[in-house]
Amino acid sequence: MDGYQDLLDRSIEQARPVLARGKVADYIPELSKVDPDLLGVTVVDLNGETISSGDTNVYFTLQSIEKVFALIFALELAGADRVFELVGMEPSGAPFSELSTLGEFSAKPSNPLINAGAIVVSSLLTTLISFDEFLAQVRVLCKNPAINCNEAVFASEYAHSERNHSLAWELKRLKLLVGDLDETLRFYTRSCAISVCAEDLARFASLLAGGGLDFSSGQRVISGNAVRIAEALMFTCGLYDGSGSFAVRVGIPAKSGVGGGIMAVVNHRVGIGAFGSSLDRNGNSIGATAILEYLSNKLGWHIFSHGN
Amino acid sequence: MDGYQDLLDRSIEQARPVLARGKVADYIPELSKVDPDLLGVTVVDLNGETISSGDTNVYFTLQSIEKVFALIFALELAGADRVFELVGMEPSGAPFSELSTLGEFSAKPSNPLINAGAIVVSSLLTTLISFDEFLAQVRVLCKNPAINCNEAVFASEYAHSERNHSLAWELKRLKLLVGDLDETLRFYTRSCAISVCAEDLARFASLLAGGGLDFSSGQRVISGNAVRIAEALMFTCGLYDGSGSFAVRVGIPAKSGVGGGIMAVVNHRVGIGAFGSSLDRNGNSIGATAILEYLSNKLGWHIFSHGN
Amino acid sequence: MDGYQDLLDRSIEQARPVLARGKVADYIPELSKVDPDLLGVTVVDLNGETISSGDTNVYFTLQSIEKVFALIFALELAGADRVFELVGMEPSGAPFSELSTLGEFSAKPSNPLINAGAIVVSSLLTTLISFDEFLAQVRVLCKNPAINCNEAVFASEYAHSERNHSLAWELKRLKLLVGDLDETLRFYTRSCAISVCAEDLARFASLLAGGGLDFSSGQRVISGNAVRIAEALMFTCGLYDGSGSFAVRVGIPAKSGVGGGIMAVVNHRVGIGAFGSSLDRNGNSIGATAILEYLSNKLGWHIFSHGN
Amino acid sequence: MDGYQDLLDRSIEQARPVLARGKVADYIPELSKVDPDLLGVTVVDLNGETISSGDTNVYFTLQSIEKVFALIFALELAGADRVFELVGMEPSGAPFSELSTLGEFSAKPSNPLINAGAIVVSSLLTTLISFDEFLAQVRVLCKNPAINCNEAVFASEYAHSERNHSLAWELKRLKLLVGDLDETLRFYTRSCAISVCAEDLARFASLLAGGGLDFSSGQRVISGNAVRIAEALMFTCGLYDGSGSFAVRVGIPAKSGVGGGIMAVVNHRVGIGAFGSSLDRNGNSIGATAILEYLSNKLGWHIFSHGN
């Protein structure tokens, strides 16, 4: 990865001026306290070589990025057929503000990367593993045993989870909630509150880039099938209502969270974790998006790149 | 392409049994007359080597596949900035039956591959080229000077184009219709009625697979930038409300039309034209989809494929 | 009320043939067991003179008719200003199947006669009276101390109240649920399960026809202001998505429930209770509607009637 | 009408302070030029006695008030069965800003008092009478032979009628447009541009108050059936998304137009024409509404009034 350090440093610098155009998530006090000027990016290649720039050891909560972990665990434990009985595969086209409304689905939620779909997946997981087992697996995939749930964020989000309760009851009516409703919401909210840093996301992403094979150990940690499904859904639905624009401009599978993180995958090459808590109107980290667009252009990461 | 002939033949055979689950488009008499049992697939590699199986010289109308040609011409002639002032880049999430309703857009149409977006693009094109020039370019990209507009289909579709007139007037209200309204609708409807065969689509797709460079002549015929944008949008929005499922299961940029064709691209490898007039409930050729899924699985075409 | 007996008898007979076009509510087993051929109508004038025809002593549950009692109690106890801080006054235009979805409201529910609005009103009532007090007041207004809650219907509806739970959580998010959520839903569901007969409804309706003054006792039992508001809302929103058609064809304030009852008011003249458990596609009793349309035409009840 | 002059004068004075809360329609230049401080009200009783206060001879365009004339003519000429084959009777629940969108109807427009429904009615009328005959009838019903179309407003509205063209094409698709599309839109737009004053509206309204019988001449000018239907629809749908609130607070059938007029009916008593060009957020004259609410309260006009 010669030259990467310099590129990462420059990606941070060119991203800094756009931060002022966004703002930190403020729907709970715990998120609004985060410093909006923090920025960091880590790239990890298939062999585990790691290059970082900026604030890559600052912890933030996974938020929607947990949806990728949850989807992969559900695919591995219950199988794709079972998962897609309960949730669709289609982009929802819903704006960020309505992303979690009931209006977005009729028979079942559009896909596992919107709130309603992720609640369905969490409910399925509650019938298969405990939250502690979920957390343990996140630690394994991020190769960081220090990862924990941020209990203050969890408590605050749970206390403000009326919309998710509303969704869960509607999902129950549709017979899509296979586990207990309250346990599902605690499991889901807790998984969103798992605290990671950019390096953690990059290590997880590098496993996806390797198709689920850990090159350093030679062990398969995720099936190729689960990685393929997760990446296809990240590509089409990973950045809320900015997914299409990200697909055109950056062109790699990625998943954002309102905690400020974006996890992105360059298949067969590297995993990336980017962080910046200032969000655009779609709820995506404005700094992390700028970093990824810069790097994708410089390094030819776009999956449909052909030069000019 | 050793072994391709045999694979293509088998792809046709395994697709045949599913045809009965769909039905031919019947919104105008001219389309409903097509034989539902026709099936064909052609693969063309970057050097122009061509392998076909089934009914690959039967002509059908482009219908929504024209949206890819139109998008590329608009990107080349007016530039991406101008195109995306008028139309978005996001998957619409709209079901097939509502794909062309006004409800789907507020400020501007979601993307250039839905009817409203394509009407905007056609309107822009009317200010830049004549329809004859459009048709001439389609002939060039498909390398078939015999391609023509099916005037009977055009006349019938134009006589049934109330919805498109309704969309066009709404687009005019939003100041997104830059050309004359009637001329725009004639241009758009006529481009949908251009008649091609599977081989034509495969030759066009092979140019996209080569990033816009014609390897046989060494000439650049489309800019890499336009190809990249078109492929990203095809991947996220190319198959109506089945786009997400196609991305997960087949995993290559593609565009379908209700004439029964699907044009698909395996970057750096091959272009594919598949045809079968029986459509699924999303309006996608049920046979062509089955052919492409079979070939993608057998040949590892999925863009996020990692084995199992 | 000379000649009324004969008219009521004939209203029943002419309604009988249309019953087969509808069907009994079947969303819970307890409702689906009702005999679809029962039909009854009672008219009570301002002095309490009562004329009945058919099955007017058969008990059925209030269902949505409770919304009128609840609205009146809330107006009396909390005042119109407070009630309309929490809920609107506009017809919703929502079809029956979506009557209780979240999609129908943004800032607050459209009106107190749809489920979401009635849950808001019930929540307000839980902060003011107990359910036993609510029931006691229903007995007073219907002049029938034997009225009770059907506990089997309550239990069954509560066990199938996912949609109402979903609505209640969304209302809580919007700060419109002023009482405890679970208590609100029990209160609301229990009030829907109050069991009455056509004569009970007619006695209540005759009080409304008298503007809230009980002519037999000379006592005011409801304020004229509350009656006016309730009647205006019944006229515009009382029969789900059939409200407009009922206003044009029958032209009197009325409220239906899926238990099969319709309570209707001819101001300064009579109150009517009509019953028939077979429902039309809007959820209104098909027999009771036919009875009321017949009587309105014969007796010139239409509020905008001018002869022909 | 002893004491009316004084009440009308006071109704104007108490309405004046609220005018500043609204604003004049500005979607075409011709409407935006109107003086926002003009206010007037005329009451005409069944015998033609007329009392006015304020600017009751200032002319403004009918705009949506034409929908009542058009509905009545269509009912008289084609019959209610034919009219309601093409348009519904239900309140739409649509906010003002969406009142004319396609989204509001599926099989047919909700009612004849929204734009889509009125276009359907106009189309039906074009097959029965010329616009000159329409205008002649308006003159007769308003008893003012000087009434004319404001050609400047017509020309400006027609030049800005993209939304109506869009609606008309969608209605044509649904086979609800029985006349020629362009002729329908010219007829409809021209009828909206008919210029009247408050006294004209009051004279027309007094005919409705008399059930269609002209007491001064003893002649029936509108059938009682048409009056009844028009009044029922005015009561439930006459003031856009403020219809429910108006029904609760004022409680008489009325129809507003964005030209600033409101025509209202107190059955068996009086017709009212009120005018004030400053509009509330629903598109209703803020001054005329205040005048009508004041008079309704003082004179006990509310159709469900019972005192307090």
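Note that the chains are named A, B, C and D in the order they appear, and that numbering of residues resets to 1 at the start of each chain.
In this section, contacts are C-beta pairs under 8 Å (C-beta built on N, C-alpha and C of every residue); 3 or more make two chains touch, one makes a residue touch a chain.
Quantities reported herein were computed from a predicted structural model and do not represent experimental measurements.
*Asks:* Which contact partners do chain C and chain D have in common?
*Replies:* Chains touching both chain C and chain D: none.
*Asks:* Among the chains, which one keeps its Cα centre farthest from the Cα centre of chain D?
*Replies:* Chain A.
*Asks:* When the C-alpha atoms of chain A and chain B are each averaged to a single point, how far apart are the two points in Å?
*Replies:* So the centroids are 32 Å from each other.
*Asks:* Using mean CA coordinates as chain centres, what's the chain B-chain C distance in Å?
*Replies:* One centre to the other, that is 55 Å.
*Asks:* Nearest whole angstrom, what separates the Cα centre of chain A from the Cα centre of chain C?
*Replies:* Each chain's C-alpha centroid was found; their separation is 49 Å.
*Asks:* At least two partner chains per residue is the criterion; list those residues in chain A.
*Replies:* Touching at least two other chains: none.
*Asks:* Please list each pair of chains that are touching.
*Replies:* Touching chain pairs, listed by label, come out as A-B, A-C, B-D, C-D.
*Asks:* Give every residue of chain A touching chain B within the complex, in rising order.
*Replies:* Contacts found on chain A: 88-94, 104, 110-111, 210-213, 223-225, 227-229, 231-233, 235-237, 241-245, 247-248, 251, 253, 267, 302-308.
*Asks:* Residues of chain D touching chain B in their complex?
*Replies:* Chain D reaches chain B through residues 101-103, 162-163, 165-167, 169-170, 172-173.
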